[in-house]
Each structure stands twice: as structure tokens, then as C-alpha cells.
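Two complexes, one shared chain (chain A), two partners (chain B, chain C).
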Partner chain A sequence: MSYLELKNVDKYYGDVHAIKGVNLTINKGEFIVFVGPSGCGKSTLLRMIAGLEEINDGDLVLDGNEITHQAPSKRDLAMVFQSYALYPHMTVEENMSFALRIKGEEQSIIDQKVAKAAETLNLTPYLKRTPKELSGGQRQRVAIGRAIVRSPKVFLFDEPLSNLDAALRGQTRVEIAELHRDLNATSIYVTHDQVEAMTLADRVVVLQGGVIEQVGTPMELYEAPANKFVAQFIGQPQMNLLSASYFSGISADAVDVGVRPEHFSIVDAGQGAISGQVELIEALGNETLIHVCLEGSGEKLIVRQYEQPSIKVRDSVSINYDASHLHQFDAKGEAIR
Partner chain B sequence: MPRLLLSPAVITLLIWMVVPLALTIYFSSIFYNLMQPDSTGFAGWMNYEFMITNPAFSDAIINTLVLLASTVAITVIGGLAIALLINETFPGRGIVRLLLISPFFVMPTVNALLWKHMMMNPIYGVLAQVWTFFGLTPINWLQDLPLFSVIIMISWQWLPFACLILMTSLQSMDREQLEAAEMDGANYWQKFRYMYLPHLARPISVVIMIEVIFLLSVFAEIFTTTNGGPGTQSTNLAYLIFNEALQAFDIGVASAGAVFAIILANIVAIFLIRIIGKNLEK
Partner chain C sequence: MSTKKSKWTPALIARTAAAWGIALLLFFPLIFMGFTAFKTELQAIAVPSLWAFEPTLENFHVVNERSDYVQFAWNSVVTSVVSTVLGLLIAAPAAYSMAFSPTKGTNGLLLWMLSTKFMPAVGALLPIYVIFQQLGLLDTKTALVIIFTMMNLPIMVWMLYTYFKDIPHEILEAARMDGASVWQEFRHVLLPLGIGGLASTGLLCLVLAWNEAFWALNLGAADAGTLATMMVSYSSPEGLFWAKLSAASLMAIAPIVVIGWFSQKQLVQGLTFGAVK
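Take a look at the complex of A and B:
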């Protein structure tokens, strides 16, 4: 049951083809995250859905209605901007009630909705303040409150956490997840941070250069990336990519093979398929990352292990891989299944 | 010590203000007519009485205020409209802006002469040509609508100023705020009312303040076009004082008029600060 559907949408900025024929179907109540490197077109795609950027080609359908060229004010979507875009001369209460007031909603209903949203977001004590009298986190919540009060068809978020410090970002991320669970509202969330993408999303859309690389649940992306780009974009540290010659029993088309750091293990000398020299050991407490430079080719890889290592830098080591967790890629970089 | 260091500036300013003020008040209290050098001595309130009972006086005050209010209204509303209009990007915007600003660089006398001869002359003026083209009788602007004509000239000169200030502050308007308002369902008028107008409150106050300071003492435009006439129809306080001092050569009465001008300026200033001063404190 599709609620919001993008059919082959295109966006040009002059000669720049920013969005290249994107198809996407979003279901009601889903939390979709657009993720990708900076400049890949995440914001552009979101703003096209919002109506803030013109759609040059293709169709946009919301809840059965074609809205490709409808004005943003008619689409019944709410957006939380990266800069929050609060109205500086209005109080928190006025900010949150603005949309309802200009729609001519009854005052008692407005008061009730604002009070409820403020309650949910812990903003009740600040209703009479103006945005400049609030902290960053509070402003961010007002921006969310402004969206909630309207009960829109879809919530749009453009990197809402990027202006917060690390601690607050983690906390707010959890709050947004809880909010989505409570409201069960269809949401599209843009971020370049894969942790946000993995923790919040029902489905993640990975974008690069204006095209969708893969759509799937966070676990699908992690366990079965469709191509080299997704494989390396999702996961920290990155998936190791080695030439196929190190591996046996793989497809003849495979050019590169990807192995996540946790699927390598250090074994006794001569026991492993791959051997190399330890370059760096990063002990992070709960886990240890061992950087190894391979003999001969000089390729590098990272091994993740959860026990304290007994090896030292410049030791020669032998490495084994978990054959059930190999990701094979052909010459074009597409995954071979 | 800081006061000592400040004192040269403060003392200079004080002298600058106090000496002319004291002299004006002194002259307004003595008989001082250049044509009657023999009548001298303390005049008491005579000069003030002379000024107030002069039938031109009340006309001059009303004209001063009408001129002030109309010009401020026209320039602020017009400047706002133009600034909003050219805030959108379009080809040739740079040139349009430059042309819009240029009247401000024209000297007041030149401006007045331009309007008097080129635009408003009832025989060969541009406006007369337009009127004839539409089959209407050309208006003798400076004769029939003298004060209105002066208001047009001064508005033409000050419109660019208002426009320039409002235009620059429109550029600092946050685009995402407007987009947020748009997503909230605001139409153009609601965006104007709830976004642009509050954002422009301070620059509008600045424009009004500065214009009021300059427009209370308009002189050159009146002197070069209507000479305050016909009758007193376009005489403002500044022109009346000039008339007393350099047409009737009565320095005493002119000084009394100047004192009234100071009082009027203060009344206007108090109103201004009450009404718009709070916008400037933010």
C-alpha cells in the first residue's frame, strides 16, 4: 500500500543533473531515511517532495493524489529544517500555532493542540519565550513541535540533529525514535550520518550522485549491500575490499571481495589464507581494530576482534575469513548473489 | 579621568549647540530689524506674539506636518513595495537597482528645477504632454497644487533612500524561514504580514527617523519652485523663517519662529520615540 510515490523524478540546476530519475515508494507510517555523502542530492530530493524545489520531470503522488506541481502550502507536509527556521519575532507558542492560526482554526482547538505538543516535547515552561531565549536543543524541539501540531500527512526532516553537540544528538535521536513510535506518522529523514540512518529507519535509501544505490532495511543494507558503494558506505569501520585472488571457492566473475572487519580473524601463523604484517592496533576497550598490510600486494585490511590481542605492531600474522560472509562484486562493482 | 579625556569632544559639541541656541533665544527677545536699526532694546514676548498672530504661521505649521507625513508615508510604502518587487531575481536586476538609487544623488535644487521645468511645466512639461495625449487639460501643478507638487518632488528624491535601506535588509531575510512559512500554508500576504513586516520593523523605523530629521527643514525645493506660494499654500516653517529674516529683514521675529521650529521638532521627536523607538532597542 503505497502512500507517497516518486515516479522517475528528475531535477536540473541549469546544466547540473542533480536528481537522476528516482523511483521510490513509501508506505504509510514508515520511517524512511535518505543517507549519502554530502552533495549527493538528499536535501534536493526532500525539497522536491516538499514542493520547495520544482520537479523537472516525473510524477509525485501522495495518498492517491498527484501533487507534482502543487504549491508547498497545499501539500499538507511539515518540514523540520536544518537551521530550525523558527520565526524569531514570535514566541514558542506562536511559532507552534502559526500554521493553525493562519488556517483559521478555532482558538480552543489551537490551545489544546499546542499544549499537547508542548507536553510531549517538554516545552511547556518555555511557551512564552522567543527562540533566541532557548538553547539549541530546545529550539530543535520547537521546530519539531511546529510540525507535530499540524498533524501533517508526512514529516520531512533535513539533517535536524547536525547543529547539536554529540551528547544531545544521541539523546534527541532516541527522542525522535520514541516520537515516531508514538505518533506512527510517515516520516522522511535526511542525514549523512549512518548511525542515525541505521538506528531510526524502517527503510534506508542510500543515495549517490543523484541516483538511488539501494533501498532496504538497515540490516539488509548491512548484510547484503547491492554494490561496492553501499558496502563501503554502511558500517564503521568500512568493509574491507580485497582482490578476488585471495579467496577460493568464489564466483568466476568476482573481481573484488568485501569482508567486514568482524568476519576476519587472526589465527596461528601458517593457518590462515592471508598473511601480512600488523601496522596499527587500535584498542577501543570493547573491541580492538587491527590494521594489517598484506604481503606482496601491499593491500590493507582491518580486523575487528573482541578479545584483547596478544600480538604487537610489526608482528607477522595470518588471517582467516568467514566464508559464509563474503560479499563478491563484479567488474562493475555490483554484488554477485 | 575618562571624563577629562571625553571633555574636548563634549565641550565642542556643547558650544556647537548651545551658542546658536542661546543666540537664537537672545535675538528672539530683542527688537532687531535690519530695516529699522533705530528700534532696539528688550522686546519681551513681542516677537513671539508677532509670529503667532501672523496668519502664515499656522499655515506653515500645518504645511510642515502635512509635507512630513505624506512624504514619509509615500516613501516608506512605495520603497517597501519596490524593494519587495526587486527582491526577486530577474535579468537586469543590477541595472534596475542602480537606476532606482540614482535620484538620491541628485541635488535638491536640481531635483526641484527638473520637476519644475521638465515635468510640471503646464505648456512643455512631460506631464502636460501626457495629459494632452489623453485629451485632458494639463494641470498647472505649481499654481493649482503647490504643496502636492513639492511633496511629489521630495518623495521622488527620498524614495530611493527608503528603497535602498529596505532592499538591503530584505537580503538578510532568512530563506528557510520563508520556506517554513510557506509549508505552514501562508500565502503571500500572510508571509508579508508575519515574516517580512516584523523583519523590516527596525529598518523602517530607521528610515522614518532619518527622513523626519531632514524633512522638517525642507527649503531648497520650495525656494526654487513655488516660493512658498501661491499665498502661503506651500510655505513651511523653514521657509517662513527665511521669509521673516531675509525678505522682511526682521531677525527678531525670525528667531522667534526658529524657537517654534525647535519646539515642533521636539514634539515630533517625542512622538516618534514613543511610537517607533522601541523597535530600535531590540
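Take a look at the complex of A and C:
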């Protein structure tokens, strides 16, 4: 069931066409992640949904009501900002209860909701503190708590984890996932981190240059990218792209062929379809990434291998590919299905 | 208990002496005025100046009798306070919109506002005098309130603008997302965060309006005269009355010096805000 709908939404900054006719339908309870490189328009799109940026053209419909030009305060959406944006002069409790207080909610209900949210987020001991007395992770939890107590129609997250260190980011990511599982609230989450996108999302929206490149579940994007951009954006290390001449039995229209690193394998000399020289071996413990420079063309590829390799740098190797996992792209870079 | 040894190096002594010297030099006119106010007119014009004399309050009595101090002081209070409040009411929303929703023209507008302060006030005297005359506002407190407000508005907008610019935009956006109306956003977020800026801006403009003499003299010398005009009336063509002039000056600046003394922290903070952070 469509809950939030963007219909041909446009955004201009002067002459710059930042968001180009975006169409998107989001269902109730879904966790949607906007992902893309810097400047792709993902934050702008989120802020347009929030009402913090004007929508120049097109419609925004929430729960059957057109809200395209409604003030952000009237939309009943909650936003978690990258900088937390807590009210520095208020305690944690006041921060979390602000929305309810200005709405004129009864004090007993406010207390109850704040207490519940604080308990969920392990913030109960800090309710009387001000934001500057909290660590980064705690501040981010207050920002999330401020959103939760309101039970808004949609949660909006604008790169909420990018100010946290790596360990805390992983932990908070899990907490957000659990929170979504418990609350089952419709959420839109902006990130440039594909791990966050892959782990949190029900569906991922990949953006580039103000245009949606593909919408799909994380596995759909991984296994069936719509074009070369998505193919290379999703997956770490990124998908290898080689000229079609290395492969046999593929479409005549194919110009480039993409192969995930795990779908290549090092085989005995002369046994593989492709041969090259090992340039670098990255042993990561659970896996090994072998960088190979191909003979003749000088194209490079990465092979992912889960067992310890017996080869060394500068060895000549032969490489085979899994023919059932080839991604073929035409001259325009679109996937051939 | 351990005591810290102060190290009076020659360089430090020289610096301290220089600092005191400059401070005394700057403060000297005020000290001189303070002394002169308690002398007789004869003692006041004595050369060399007398530093030991029997103080008298006579000058204050005379000033109070000859000119109605309370009336002048009241005019000063009304014109400076009302113009400051009015100015803040106009400047705060202007600074808010310039700081949080700037357009291409914002910088130009700010510079243009400041440029109006570059023009000598006397350049605008004639048209303003005629306008106020036509409106029947000459020698009214209303005229002074209007002119003081307009005079201080550029400074107020500039100062508040720099204050507001230091408040993260996202905090206001968060309030908006939390359902706050513009008024609630101002009341619950901008006001508590910007109160220091509003206070020091108001204070500075209060001082500027209080000390203003040019417009006060030209537009409101009699009924609407402020303490500045009272002071000037003691430097008359019939001869200078140094002691009485000093007494009048002391009475004129006393209230604002007291306010300034107690709020110097805010004043300094206001003037250096954004410069050091």
C-alpha cells in the first residue's frame, strides 16, 4: 500500500537542476535507504520530503494527503540530523519532550512517553543532563529519542551515523535496525555508506545526479544491477568491469561485462579464460583479495578468495569466471537482461 | 599552603606600567571632569589645575535649579529605551531572515545598510528637519525615538546577524520538524540561544542613543531635550562655566556609566562575538 508518494518531483537551485523528476512510492512500515555519491541529491530529496527544501515541481502525497507545499511543522514527520541538532539549552528530557510540549500534550502522557523512549535507548540515567555533557553516541540516541516520542508518520534520517566513530557506528546501526523492527515505522534513511544501506534497508534507492538509477531490495541491487553505475556502486570491493572480448557466449550487444570478485577464481595455468599477472595480494583474514593486471589490455580486476592463496605477487595466473553470474552492459551502460 | 611566586621581570614591569599609563591617559578627561564638578568656578579655571581643594556640591544644586535635570533625564530614558526596544523589534526579524534564509541580495543589503552609517549625519539634517517640521514632530520625543531607531538599526541588524549566524541552522530546522510554529521557534529556541546577542546589542544601542547629541540638539532642544542637550547648554556664548558644565556632564553620564559598569561582560562579549570563538 502506497503511503508516501513522490510524483515527478523537481528541485532547482538557480540554473542547477538538482532533482530531476523523481518518482518513488514508499509503503507503510518500509525502511527505505537513499544512497549515492556526494552531491547526488539524496539529502536534498530527504529535505524536500521534510519540507525544509521547497519542491519546485511535482507532488508529494503522504497517507492520501497532498503535502507538497505544507510547512514542515504541519507534516508530522520526524527528522534525525547528522549534527544531531539537539537544543543545547535544554536537558535530554526537555529535548525529547519538546515536540509534545508545544503540541500541548498532557504532562502525564509526556512523562510516560519520554520515560519509555529513554528506556528503549538506554538514556534513563542521562535525562537531566544537557547535550554538551553527553558523548557523540548518546547525543545521537537523544536525537533518535526525540523522534520516537512523537510517533510520527515517517522517520527521516539524514546520515545519522557519519559523525560517530567506526565501532559506535556499527553498534548504532544495529540499534536502529532493532528499533525499526520493534516500532515498524516508515523510515527514510540517507547515507553514502553502502554497508548501512545494505544492512538496514527493505529497499534501497540509488541516486546519481538527481536521478534515481535503481530501486530494489539490497540483494536485487547486488545481484541484478540495472546499469554500470549501480553495479559498481554496490558491493565492496566494487564489481570488476571488463571489455566483452574476454567472455564467450554473451549477447552481441554487450560492450562491458561485470563480474563480482567472488565470481572469479584462480585456476591452474592455461586452464582459465583470462590470464594476467598478480599485482597485489590483500590478506584480510577471512578472505583474500588478489589484484590482477590482465595480459595485453592492461585492464585490472580483483579476485576474492576465501582460502589462503598459494600464489605470490608477480606470479602469472589464469582466471576463470562463473558464467551464471555475468552482468552484461550495452554501449549506454544499461544492463542486458 | 604553597604560595605562587610572582615573577616581576623588567619586561613585565614595563608592560604593566605602560598599560596603566595608557589607561590613565584615556581615563584622564573623565577624572578631570569628576574633580572639576566639585570645584567652584574660580577653582575650575585656575592654572595650574588644583588637585587639592574643598569639594562643593554647589554646582549640582545650580544645575538642578537652572535646568530641570529630572525632565532631561526622563527624556533620555524614554528616547533611548523606546528606540532600543523598537529597534530590536525591527532588527531581530530582519537579522533572522538574513541569517537563516539568505538570498543573493543579502550581502549587498547588509553592506548598503552599513553604508548609511558612512554618511555624515549633517548631510541628512535638512530633509529630515523639514519632514519632521511638516509632520509637527519637532521637539518631540517621538521624533527622537524615530531618529535614534533609524540611526541604530544598521548596527543592530549587523550585530544580531552575526549572532544568529553562529546558531546552527539545523537546530531551528529541528524545531520546525518538531512542529514548532515560527513564533514557538523564536520563543523556545532562538530567544534562549540568542539572548546574549540580543542583550548586548540592546545595551550597545541604549548607550549610543543615550549619548547621541547631534540629532537631540537639532530636533529636540527644548521640551524633548535629552541630557546631552542639557550638557551643551552650559557651554554658552556668555562664557564657559567649567565647573557647572562638568557637574552637568557627570549627571548626564552617570546613569549610563553605572549600567555599563554592571553589564560590561555582556558588552564586551557582544562586541567580540564571532571574532573569538
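In this text, the second predicted complex is superposed on the first by the 337 of 337 C-alpha atoms of A that agree within 3 Å, B and C clash if a C-alpha of one lies under 4 Å from a C-alpha of the other, contacts with A are read in each partner's own complex, and residues count from 1 in each chain.
We take it that a residue touches a chain if its C-beta (ideal position, glycine included) is under 8 Å from a C-beta of that chain, and two chains touch if they have at least 3 such contacts.
In this text the structure is predicted, and so the values were computed from the model without any measurement.
**Student:** In the superposed model built on chain A, check whether chain B and chain C fit or clash.
**Tutor:** clash
**Student:** For A:150, decide between first (touching chain B), second (touching chain C), both and neither.
**Tutor:** So A:150 meets both chain B and chain C here.
**Student:** Tell me the contact category for A:83 with respect to chain B and chain C: first, second, both or neither.
**Tutor:** Once the two structures are laid over each other on A, A:83 reaches both partners.
**Student:** State whether A:3 touches chain B only (first), chain C only (second), both chains, or neither.
**Tutor:** In the superposition, A:3 touches no partner, neither chain B nor chain C.
**Student:** If we overlay the two complexes on their shared chain A, which of chain B and chain C does A:229 touch? Say first, second, both or neither.
**Tutor:** neither
**Student:** Quick one: is A:73 in contact with chain B, with chain C, with both, or with neither? Answer first, second, both or neither.
**Tutor:** Both: A:73 reaches chain B and chain C.
**Student:** In the superposed arrangement, does A:247 touch chain B (first), chain C (second), both or neither?
**Tutor:** Neither partner.
**Student:** Can you list the residues of chain A that meet both chain B and chain C?
**Tutor:** Touching chain B and chain C on chain A: residues 50-52, 71-74, 77-79, 81, 83, 85-89, 98-99, 102-103, 146, 150.
**Student:** Would you mind writing out the residues of chain A in touch with chain C in their complex?
**Tutor:** 50-52, 71-74, 76-79, 81, 83, 85-89, 98-99, 102-103, 146, 150, 156
**Student:** Which residues, counting only chain A, touch chain B once they are in their complex?
**Tutor:** Touching chain B: residues 50-52, 71-75, 77-79, 81-83, 85-90, 98-99, 102-103, 146, 150 of chain A.
**Student:** Which residues of chain C touch chain A once you look at their complex with the stated criterion?
**Tutor:** For chain C paired with chain A, touching residues are 168, 170-171, 173-181, 184, 188-189, 192-193.
**Student:** Which of the residues in chain B end up touching chain A in this complex?
**Tutor:** 174, 176-177, 179-187, 190, 194-195, 198-199
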